[in-house]
Amino acid sequence: MVEPVTFVVWLIVLPLAWAVAAFVTGERIGAWLGVVGSAIQTFLVVWMVATWDVAVPVIHRVGGWGAPLGIDLAVDGLALAMLLLTQVVSLPLTIYARSYFSEDASKSRHFWPLAGFLIAGLNALFVSADVFNIYVTLEIVGLSAVSLVAIGGGRAQISAALRYLFATLIGSGAYLLGVALIYGAFGSVSLATLIPLVGSNPPQAFALAGLLMLFGLMLKTALFPFHYWLPPAHGGAAAPVSALLSALVVKASFYLTLRLWTELFASIADDIAWIPALLGAGAILWGSWRAIQAIRIKMLIAYSTVAQLGYLFLVFPLLPGQDAIRATVMQACAHGAAKAAMFAAAGVLIKATGQDTMAGLAGMTGRLPLTLFAFGLAGMTLMGLPPSSGFLAKWQLIEAGMARDLWIIPVVALAGGLLTAVYIFRILSFAFLLSPSSVKIATVPRVQEWTAFALAAGSVLLGLRGVELMALLPGQVP
Amino acid sequence: MSSELLFAVVGALIFTLGVAGTVLVANLLRRILAFNLMGSGAFLVLVGLAQRGGESDPVPHAMVLTGIVVAVAATALALALLRKQHEMKDSEEELTEIDDG
Amino acid sequence: MSATLAFDLLLSTALVWSAWRTITANRLDQAVVMFIVFGLLMTLAWCRLRAPDIALAEAAIGAGLTGALLLDALGALRKGKTARRRQ
Amino acid sequence: MKRAIVIAAALVFGGLLINAIVDLPSSPVDLRIAVADNMANSGVSHPVTAVLLNFRGYDTLLEIAVLLLALIGLMAAGPMLPPPPNQPADALLQKLARIATPPVIVVGGYLLWAGAFRPGGAFQAGAVLAAAMVLLHLSGLLSAWNAQLLPLARRVILVGGFVLFLCISVALLAAGSLLQYPPHQAGLLILLIESGLTLSLAAILAGLFLFLSRDNGGAP
């Protein structure tokens, strides 16, 4: 009998396998391999969640050696929640992408292998319990994400990919030096070995390593003011790529920030927790402001990502409180599903109208009602309206802030919600405008509309089933 | 100071030079060089620090081998993007020249 | 003992100098050449750190292949420029 | 202004970093002991190879994935012009390449075989073979590769080593963990993996050059 725990190995091996198979067989078979592979991965992760009854992390010792000599994979509730998010979002996106790229063989030829490597890298990153192995997974994620931005081949995409590449390389360079200092200080790179060794008075090199690694990860997460690379990359890439990047890739480095902050660097993190919170507040205000001013649809969504990432960092002064972790994980999942839906819907709208501008949306409510409805549902999640998962996330965030008398958190969260409402209603108001009936729109396959709708509906319905998701995480369920 | 520690310090200097370079240098090819300096500096810190007692340690050696391969992969990708950008800039300028003519 | 220390100090100085020149050299081709020199000096440093595996990889990949890629890119970038100037 | 701030910040950072390095007390864990204790079960006698392909073999598996995906990214984004027809370079270079190639292949094979008990292994061997391919290309004897038209056989060679590594890792899952070699077969399996990797690494590393190269040897 195969233990559900070894499923985690398959979550890494399967996407690697379909990535190389797609490279060898070409785009037509590759697309099917991607969809079927993602479906199996989703099935595996749902099974893992359903049979999850363990309060302590489950360890898989690669090579059978065990840390610190070997590399351990560790699955706990937090990692499982991220695995679930990744598979559940990437399955509809692969179905969407198969249709989206169907006319353009030159793009999809490279999309499928790169998407497979990206998903494998994400899954490997979530379960890695070794700081050097995490570096390798970060490079898989970073380089495949950059390559995915570049597959469009347009001049703006190449420039955006280059800018993104330099950001991600500086981030991993800083992280790597942190790993070098940690190995020098303690002689190990295994998290399980390192955490008990840190103690109350770690050497200065360790504090420096913490700063370097957390800085590198925040740069990769595009936390304001390190967000400069994100809007052109996410706003310029092909729609399925933008969706994968905004929903999942930035969450991966955020997940690591959270994990290292609360586990490895807890002793140095307390004193500087206000920095990410302040930057997060800045991200919410600045990102929303730029989204309100945006002219292009995808730029608006990309700046919205900058803003929504800010919420993730708002809870840092409340760490390691379990309520804060729950709030931020809920926000990560809510934003992941909603943003994937939004980029997918934007892809449909842009294909239909042939232009990426708000003005081009006039009359679309009558022509593409399902897609506009999906966009509206996803917007509801981002605004935090009940009963969506975004509401649940913001509610938990506000509650956690008020429980510790940190009133600034609810104030910023509510202000951010209002600003979000402004840019969402702005884009919808364009769609409700009447258009001259002579405007022709291209037909877009229905499957793209439905997958966008499924993601949007998922982001709302997650609000109703949020308790189950939160039950994966340690601590009392509210 | 042992030779190993000396090389770790040199690594720290080279990393710092590399970071300053990636931030300050405008030319993208030069920025790729600076990024490679960052990597080499970090590798020197890793091995130098691990061996500061004087004994050779195979674990960081394996990590640096991994790191060198990752660095060349990143460099090649960066150069490909850079050359593609350059190629497109060229063809665009030709187009505008045709327009002007 | 002092001879090896003197060698290490010399090598360290050369490493930092070549890294510095890579960043600050006026011309791009000088910077690339300095970077290749830096890679070769790194190979020596790995030998001094008793890491022959890394020294081999650095010589072949770090200095060799990366150097070839850089020189090729330099040629391509320059070719584009002269082509433009000629028009 | 920006320049001054960055330089000042770099000076402070460099100072802190060097200070932290010089002050560091000795580390509490010493993996050298663990490596030495387990060498007998690793299947090879060279410690770096044992770490690279056995103790931390999972890192290496993922690292090949990085290399492969960078190559695919490069194919996706690289120059789109088809490579020019191959033009012979000057005769001296060609002669040199012809003379140099056979010994380089022998050196590559030696490095692969030596990795089990002394410095060397798949990476060095693959890199040396890749260098030979680049040399052949520069002398006009091997044409550049077209990313848009890549024959199936070449695609198979590029991914073959990785696929073999992945398959062996997964097959060993039956023993309990990913990549858990049975101690008696470890040496043979590692040699098998390294042989596959050498060929694929040579192709991938050369590919990083050959996909990009647009000037063939003596082309104007």
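To keep things simple, chains are lettered A, B, C and D as they appear, and every chain counts its residues starting from 1.
The rule we apply is simple: contacts are C-beta pairs under 8 Å (C-beta built on N, C-alpha and C of every residue); 3 or more make two chains touch, one makes a residue touch a chain.
Since we're looking at a predicted model, the values are computed, not measured.
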Two candidates, B-D and C-D; the one with more touching C-beta pairs is B-D
Averaging only over C-alpha atoms, locate the centres of subunit B and subunit D and give their separation in whole Å. 17
Taking each chain's centre as the mean of its CA atoms, how far is subunit C from subunit D in angstrom? 19
Expressed in whole Å, how far the mean CA point of subunit A lies from that of subunit B is 27
Where the centres are mean C-alpha positions, what is the separation of subunit A from subunit C, in Å? 38
Hunt down the residues of subunit B that sit against at least two other chains at once, touch-wise. 8-9, 13, 15, 17-20, 41, 43, 45, 49-50, 52, 59, 61, 63, 65-66, 69-70, 72-74, 76-77, 79, 81-84, 87, 89
Residue ranges of subunit A touching at least 2 other chains are 132, 136, 139, 143, 146-147, 150, 153, 158, 161, 181, 183-184, 187
Spell out, as numbers or ranges, the residues of subunit C touching 2 or more other chains. 53, 57, 61, 65, 69, 73, 76
If you go through all the chains, which pairs of them touch? A-B, A-D, B-C, B-D, C-D
State the interface residues of subunit B toward subunit D in the complex, per the touch definition above. 1, 5, 8-9, 12-13, 15-17, 19-20, 23-24, 45, 49-50, 52-53, 55, 57-59, 61-63, 65-66, 69-70, 72-74, 76-77, 79-81, 83-84, 87
Counting only contacts in the complex, subunit A reaches subunit B at residues 132, 136, 139, 143, 146-147, 150, 153, 155, 158-159, 161-162, 165-166, 169-170, 173-174, 176-177, 179-181, 183-184, 187
Under the definition above, what is the set of subunit D residues touching subunit B in their complex? 2-3, 6-7, 10, 13-14, 17-18, 21-22, 24, 26-27, 31-32, 35, 47-48, 50-52, 55-56, 59-60, 63, 66-67, 69-71, 73-74, 77-81, 123, 205, 208, 211-212
In the complex, go through subunit A and note every residue touching subunit D. 6, 9, 13, 16-17, 19-20, 23-24, 60-65, 68-71, 106, 109-110, 113-114, 117, 120-121, 124, 132-133, 136-137, 139-140, 143-144, 146-147, 150-151, 153, 158, 161, 181, 183-188, 193, 197, 203-205, 208
Interfacial residue positions of subunit B with respect to subunit A in the complex: 8, 11, 15, 18-19, 22, 28, 31, 35, 38-39, 41-43, 45-46, 49-50, 52, 59-60, 63, 66-67, 70, 73-74, 77-78, 81-82, 84-85, 88-89, 92
